[in-house]
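Two complexes come next, and they have one chain in common, chain A, joined by chain B in the first and chain C in the second.
This part shows the complex of A and B:
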């Protein structure tokens, strides 16, 4: 029964040497993916919305619908 | 494992007189006597937990003490022989020494058991009982339904949200086509 002596030292170091680069890479990938899948489209959506936004027109539409308390629809 | 079933059985007996679960496990509640193996305390005499105990566990390869406390004379002579070179021990003696020190081998410990059926059955019984309780509550405890849940109210609520232009960029009002008066 001559088994080789198992590795007794440096186990954590070995694990970290492998897992830390993996962890940092995956975190970076996750951040980049979030930026280009979520934040960039969102910024674009806001820019597009406000390019064609007429505040007065929207206000009048809301006023006619009757949601304000300070100014009632033109009918009343 | 025995302690788990005994604990569950004890808890169940205290709350409801279920026979089905206890009959399955009562056959296994036999005491192991004085040899220090894990024994449910409510069956045998109380154990002194402050002293080293023997446990068959996969993650404890060398328990706190040997399995057999009281060695017969044959055992003692075997232990003496163990102090010499091990190549002089026969295979039967090696196995006997192993059995002195341990109650079960790893393959014996890893044998599949039916405990999960008991556990799952218990879970279902209690979830079912909870369902009955919730049903009773629905009938006798719940207050009348708020009027804000009516379809008519909810339609008016949605119309008001669209009129207010709630979330017009990425949310609710962004999905409504105001010219056509319908969802995009």
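This part shows the complex of A and C:
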């Protein structure tokens, strides 16, 4: 059985020529997907929460709950 | 070319991969826009000459093989023949068998290269009395 001569040079180069662009593209896509699927919704959630946030109202609620040391609930 | 690429930083690799400046055979040649690029035959001849040195010493054999294995190619049968004969001159059958193992590993997923090389080296292997790793059963884990 006489085997023909296979290609023996540049095998890694050939592989990289295909896979490196794929790898960089996929990484970029993964980063972009994470940005728009996770970080942007998260930032939006925070923005929405604080858009209608009344700090004084929250403070009074906490005060009545008695969690502060410097100011006691209005009953005491 | 790719040895130089791997030494660069990540950003350097990125730009080099994107731009892909040269399409020469990725051997020890650098990506010159000027300067002669060594042909495959010249490369082979150089390495055959290296291992053909009559008084080659063990260090030079090891150095030569390690350098050769670092390239993006599987060495030609004639280079391996020269290296195996150098092992014979040095009475080093262990290195001779190791060369065969290294070459099989270099081929990676390309399973047709190693059987071809053994086919080409059969006369040399029987002349020098070198067993293949398969014959010794050391190719299995």
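Please note the rule applied: the second predicted complex is superposed on the first by the 76 of 76 C-alpha atoms of A that agree within 3 Å, B and C clash if a C-alpha of one lies under 4 Å from a C-alpha of the other, contacts with A are read in each partner's own complex, and residues count from 1 in each chain.
Here is the rule we go by: contacts are C-beta pairs under 8 Å (C-beta built on N, C-alpha and C of every residue); 3 or more make two chains touch, one makes a residue touch a chain.
This is a predicted model, so every value here is computed, not measured.
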item	value
Touching partner for A:42 - first (chain B), second (chain C), both, neither	first
Chain B versus chain C as contact partner of A:8, first or second or both or neither	second
Chain B versus chain C as contact partner of A:58, first or second or both or neither	first
Of chain B and chain C, the chain that contacts the larger number of chain A residues	C
Chain B versus chain C as contact partner of A:34, first or second or both or neither	neither
Touched partner set for A:18, first chain B, second chain C, both or neither	neither
Doubly contacted chain A residues - partners chain C and chain B	none
Complex contact set, residues of chain B against chain A	160, 163-165, 168-170, 174, 178
Residue numbers on chain C that touch chain A, as the complex places them	1-2, 13-14, 17-18, 20, 25-27, 40, 72-76, 107-108, 110, 112-113, 115-116, 119
Residues of chain A defined as touching chain B within the complex	42, 45-46, 49, 58, 61-62, 65-67
Residues of chain A touching chain C in the complex	2-13, 16-17, 20-21, 24
